[in-house]
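Structures for review follow.
There are two complexes below, and they share chain A, which is joined by chain B in the first and by chain C in the second.
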Partner chain A sequence: MSNNKSFLIVNRKAPFGSAYAKEALDVGLIAAAFGQKLSLLFMDDGVYQLLKQQDPSDINQKNSSQTLPMLEMYDVKDIYVEAESLQARNLNAEDLLIPVEIIDKETTSELLEQQDILLNF
Partner chain B sequence: MKYSLAIYGAPYSSQAADTAFSFAEAAIARGHEIYRLFFYLDGVHNASNLATPPQDENDLPARWQELIKAQNIDAVVCIAAGLRRGVLDEVEQQRYEKNGNNLSEGFTLSGLGQLIDAGTNSDRLITFGA
Partner chain C sequence: MILHTVNKSPFQNNSLDSCLRVAHAECGILLIEDAVYAATEAQNGLLTEQVLSLHKLYALIPDLKARGLLERVKPGIELVDYDGFVALTEQFETVQSWY
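Take a look at the complex of A and B:
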């Protein structure tokens, strides 16, 4: 691709209850496979997408969180989580399935500002 | 300016698709270019030619089809999202041995790479329905 813009996928919804989390992850994997400069941000209920030990088999859903470690294989290392969203849900880094960088609200604003393309889910 | 629109809302379920349509019309009226419409998530239902709204309601799928044809816009439906939700063209109908196909004329089924390409090659990529 001729120019390499920076993409940020913003995940704000819970992992189940809608298709957003699953289909956002699909976009992430494709963007990474295309070699785009890609970062991911999880905030609001989107932080629940990163929880360890998810088991949605009782609601007949696939466990998309098992795909999250694939991001590292695709060399996607810039994965951010908004601190305030974690705190509001009584969660911390140990609850999360993959290594992330936890950033405060102000830094989140800067992150959004720095990107060429925001993909909101 | 070159715009691309990512549309995630189904017609008749949320306002997102109507808003996207109005935005596309307004952008064209102001002399801007639509590089691509990308239909994803429930937005794929905008591309169904089987939608049959009551006569006194806005027939959004038909209006998309008219706009796409009149302005020769590249309108892409994510193939994975479309197949899951029953939006198929003739090729996919045959591949999966289904009873029918319903992708409106002017739309094409393609991959998510087209969304990334739209971001890369447009001045603005705007999401409707997140």
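Take a look at the complex of A and C:
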């Protein structure tokens, strides 16, 4: 596979109710470790993955949200959140664990169009 | 009387919507797993003041805590721990799971 393809991981599921969020983060960190051109998009219930103060110790699950700041260490800086998904859930940038770029649905559409490879979780 | 449990986000499917459509006023409705997102303030939220005055709503604390929602719960929803969950299943005659 050519090394210069662009990847976008589309996160649309809430954390903990399924393994999607954790799997997506694992894939993201692996892709980043291999130096791929990687962006992340959070929309729909996926925005809940970014909420502050998550603590799943009482439901015996790993706190994947603590791994989110590692994305920056791996030089993954293109992290997007769809504005409409945040608004529908009464959330804003201050509720989120990491700095993100909040984009409207038209920009989200463009972001999807620009990618070589889309990975959906 | 029935204890209704709901475990899906209200944005994910219509489990909570269906539950509210058929639940008797005296029934208990317990939000667990991803359904606890319904206990927070959201646009077009299903748990309106009218719904909260009609039904007794509960939400499971460990699931709220996991998702960072403990300080975001709407007033009028009673928080229960695992022991409280068990007590509810004893208090009501049957349990109906919406998933």
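Here is the rule we use: the second predicted complex is superposed on the first by the 118 of 121 C-alpha atoms of A that agree within 3 Å, B and C clash if a C-alpha of one lies under 4 Å from a C-alpha of the other, contacts with A are read in each partner's own complex, and residues count from 1 in each chain.
We adopt the following convention: contacts are C-beta pairs under 8 Å (C-beta built on N, C-alpha and C of every residue); 3 or more make two chains touch, one makes a residue touch a chain.
Since this is a predicted model, take the numbers as computed values, not measurements.
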Clash or fit, chain B versus chain C on superposed chain A: fit
Partner chain(s) touched by A:92 [first = chain B, second = chain C, both, neither]: neither
Partner chain in contact with A:19 - chain B first, chain C second, else both or neither: first
Inter-centroid angle chain B-chain A-chain C after superposition on A [Cα, multiple of 10°]: 90
Touching partner for A:121 - first (chain B), second (chain C), both, neither: first
Which superposed partner A:58 touches (first chain B, second chain C, both, neither): second
Partner chain(s) touched by A:7 [first = chain B, second = chain C, both, neither]: first
Which superposed partner A:109 touches (first chain B, second chain C, both, neither): neither
Which superposed partner A:66 touches (first chain B, second chain C, both, neither): neither
Lowest inter-chain C-alpha distance for chain C and chain B in the superposed arrangement, angstrom: 13
Shared contact residues on chain A - chain B and chain C: none
Parts of chain B lying in touch with chain A, wherever the complex brings them together: 6, 8, 40-42, 80-81, 111-113, 115-117, 119-121, 125, 127, 130
Touch list for chain C against partner chain A, complex: 7-9, 11-12, 33-34, 37, 40-44, 61-63, 65-71
List of chain A residues in touch with chain C within their complex: 14-17, 44-45, 48, 51-59, 61, 65, 87-90
Residue ranges of chain A in contact with chain B within the complex: 1-5, 7, 12, 19-20, 23, 26-27, 30-31, 34, 36, 116-121
